[in-house]
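In the two complexes that follow, chain A is the common piece, with chain B as its partner first and chain C second.
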Partner chain A sequence: MDFSIQILNGLNYILVLILVAMGLVIIFGLMRVINMAHGEFFLLGAYTVVMTDHAGLGFWPGLFIAPVVVGIIGMIIEYLCIRHLYQRFLDTILATWGLSIAIKQLVIVIFGPAGLMIKPPLPQLVSFMGIEYPAYRLFIMAVALMTIGLTFYVFLRTDFGLGARAVIANRDMAAVLGINTRKMYRTTFTFGSALAGLAGAVMAPLMSCDPQMGLGFFIPAFLAILVGGTGTLAGVLVGGGAVGGADSLISFIYSPVISQIVVFSLVIIVIRIRPQGLLGSRGRG
Partner chain B sequence: MLKVEALHASYGGSMVLHGVDLSINRGEIKALMGRNGMGKTTLMRAVMGLLPIRSGKIIFDGKSIHGLRTHEIAALGLGYVPQGREIFGDFTVWENLQLSMLKLPRAERKIPEVIFQYFPILASRKYQKAGSFSGGEQQMLAIARALATQPKMLLLDEPSEGIQPSIVDQISEILKKINADTGITILIVEQNVDMVMETAINCAFMEKGRIVETCSIEALQENESIIACHIAV
Partner chain C sequence: MLVFALFPLTGNDYLTVQLTQYIVYGIFAMSLSLVWGYAGILCFGHAIFFGIGAYVMALITKGMIPGFSGFITSGWIGLLLAVGAAAFFAFFLGYFLFYGRLSGPYLGIVTLALSVIAERVAVNWYYIGGFNGLTEIPALAFFGWEIRGIRILFYFVLAVALCVYLLCDWLARSPFGTILAAIRDNETRAEFFGFNSANYKIATFSIGASVAGLAGALFATVTEFVSPTILGFGFSTEVLIWVALGGKEVLVASFLGAVVVRMLEAFLSDILAYYWIMILGVFFVVCVMFFPRGIFGSLLSER
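Up next, the complex of A and B:
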């Protein structure tokens, strides 16, 4: 009985991890930008909810405006910073890393370094199949599943998705066929940021919101992408499942510390054997 | 239609084009020949805005396209079939063709029926993945994809490369037919002498980043030593 709750918690973690990793991998796939500030977009999403909660509006409006707010912040960052650094791979890592530090410090200046809590939006427990499980965690899973489904739909079934996949496969040819790659970059960066913002918002009630919270999702999301591969969105599902699943399981059986060691070792083994990731193909640079 | 003047461009740090002058008239089929490494592909990529230009002019359809972004150049009516075809192998034929029309409003986004008349094989394999095709079929798809952008001019980079001779003949015929039917101007980079003789009206020769000679195909047929001088090893 205890174990089935752990499985649900693990699934919960995996789904949110996939949400964060998906934004990261979409941005990387299209723009060849490793967004080191992606964890801080998660952070900003969580703090948007903290702000609406503390302003007396409660959690729910925050959940809806967080992806919008973070998406707009992403768009502004793309316009002011990232746009000028395309094709300069290392510079984008440095720039977004700097951005990550700046956002964290800004949050400390405004909210202080301490962890902030918000009122649990759905405190009740739901009982099913002989267990009692927090309703809010089920809600998180539903939101994550829907958003993941929607993202897949956008990328696999819409015109925008077709264009985006073409840019991922062969940027030059996509441009030759008339696709405005820069515009696509901006849309993608906005969308990827919004995904991280939503993930942060939805996780805020379960976590203590502090300026370091983004890192706790950025690193595993990064590992998930290394394991899954960057060529396809499906790689994120596999990578997120593998990293999140292994982490949850080993944390439960042994301890979070051992889990970190094991997960990192597994990731190293996977990328040693398959540098392109489990589902990745050796794509172009 | 296309006029290139004193074009200088570099590729990977070294200068490849040293003042290219080339002009193609509206409706003309011109071939550009030359040995490997003489700058033919670089010229094509520079025209499409895929490589930065150091100096010189590129005028297309009366407009300077120097400094425009690639998708803007494509929108003005330049269709490009790159060396090695570069079709989207994971996409279906239909998706490959659809990509060329994403810039159009949804209502106007219908693959022109005439494309399937030129390449009937594509109609029957619409929903197959392009990566499963033979070289010749991929080349046809690459040309069809460029046509679907509704260009005024086609740039083709070595369309016969790695393709069996019977298909090369077929592609020659189709290019001539497209040119005759629609008046689309064609610039074709080629090393296959037979294909050039079969398809083009005029021919330019490139050596070390410059155009060194331009002549008509008749002149080439009368005096094959011109070819020997510029491209034979």
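Up next, the complex of A and C:
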């Protein structure tokens, strides 16, 4: 196995992980809501693609529909459930968790528990720098990079982003200054869900889509944001890079199972030593 | 309790066996209630301790731990060591986590990750049965007289449940329990009164874990079977749901939550099949939103 291909695969994983983690971190940073159903949003994104593929529309329409569908589902969930729980932090964990169980089971009811495959949308290989690499994986990296860049742009350069960062820094003060936090929460939750949906959609052709796949991304993504620190967006990049990179490296050297055990343990130790994350500063709990 | 005690007299052996298992789950639920409802530690990996208890029990009674043979492989030693091992592990874990000031979501995610690790380890560790788990775990013996009869086992488990209830209830009513409530409601304030909240949390965590270990050991003898699923994420989820639905701040409510949910599951999962878990999930969300104290918890505390 060629080492440079492994590096590219690792990079691929890191970028998708960052995409998932970014949705989580803006929801957590802004709303102080831990969205345990985030993995299921990823799942829904992947199954949207599966649906369009099986309906004969192919992969590409699914890629565009998935974030929209998942975003709308996120908005509905925010409206029906999360909205009522903003003052009760721990209860949001439980409620979104209940949702995640229900959504996962709904998927099982509709599609069955077995894994589903879809046709590879870009089967050809691209050769560059002396190696052959699947074009589709390069496409994923491009999509992930673009989305990450766009998210950073929105949060660092637009009025909405300024307001959002104000809410992250000091929610009460932001509300006093006339920022409509309610509306901001809804937008954020929708946007975060859509990011997870997009991540699920782009990953669908690479993995076999089964109802448990959400958890496989949720836990590493969450560990990534804890490692990186929840206060800043840049923390996600560091955390995603650290968790994803370590995972790819160790699973290349040993096996995916050992890598998961080792990486999770390491992350727990990191979180224990620096609860504020690698990039975070003390001050906010 | 009285209703439970009379149950085997109906003569339905199958249901008695099932109910014995549910009572074991009830004991497990009470241990989580103590940790979560009374001390406010949200643990997403409580099944780890249950699983440790079950595996230790299985390994000891099957004589699979090197150096343990003869008298020491009896079920009672197994029970004792199961409780001890779970408590010991929880003590170290608690020491590691609570002195790091991990709380709330951080603790939740860390314990979640731990339960995934535990399941992975158990699945890939072939000596303890790997994916298939361990079977043919011997029954408890009392002076050479095996507790194997369906009813005897039922009453034995029920008696243990009662003891656990009384112990936990006593603990919750003691000064120790009052301090726990203070830490749960406002940790900073409790610390200003001079209580080392980390120590109290570690103690409660260990006690809760030892009860969970006891439940796990009982589970191993009752079902004569352990497998990695009882260590893992899914089972941790289930117990949280039982306790949340029942009512985490009331021990009896948690116990009833576990027993009733399992009973409903046994009856309804035939009819509803896959829909059952979905309905349970939605019901759980509704319960969290509108009955934060749980269904039985709300009923019992109104009296």
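Methods note: the second predicted complex is superposed on the first by the 280 of 285 C-alpha atoms of A that agree within 3 Å, B and C clash if a C-alpha of one lies under 4 Å from a C-alpha of the other, contacts with A are read in each partner's own complex, and residues count from 1 in each chain.
In this text, a contact is a pair of C-beta atoms (placed from the backbone, for glycine too) under 8 Å apart; a residue touches a chain by one contact, two chains touch by 3 or more.
Everything quoted here is computed from the prediction, not taken from an experiment.
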item: Which of chain B and chain C A:81 touches, first, second, both or neither; value: second
item: Contacts of A:5 with chain B and chain C, given as first, second, both or neither; value: neither
item: Partner chain in contact with A:159 - chain B first, chain C second, else both or neither; value: first
item: Touched partner set for A:135, first chain B, second chain C, both or neither; value: neither
item: Dominant toucher of chain A (residue count), chain B or chain C; value: C
item: Partner chain in contact with A:234 - chain B first, chain C second, else both or neither; value: neither
item: First (chain B), second (chain C), both or neither touched by A:265; value: second
item: Which superposed partner A:169 touches (first chain B, second chain C, both, neither); value: first
item: First (chain B), second (chain C), both or neither touched by A:180; value: first
item: For the chain C and chain A complex, residues of the former touching the latter; value: 42, 96-97, 100-102, 104-106, 108-110, 112-114, 116-117, 120-121, 124, 233, 237, 240-241, 244, 274-275, 277-278, 280-285, 288-289, 292
item: Parts of chain A lying in touch with chain C, wherever the complex brings them together; value: 28, 34, 81, 84-85, 88-91, 93-95, 97-103, 105-106, 108-109, 215, 219, 222-223, 226, 257, 260-261, 264-265, 267-268, 271-273, 275
item: Chain A-facing residues of chain B, complex; value: 48-50, 69-71, 74-75, 80, 82, 86, 88, 90-91, 95, 98-100, 102-103, 106, 145, 149
item: Residue numbers on chain A that touch chain B, as the complex places them; value: 159, 162-163, 165-166, 169-170, 172-182
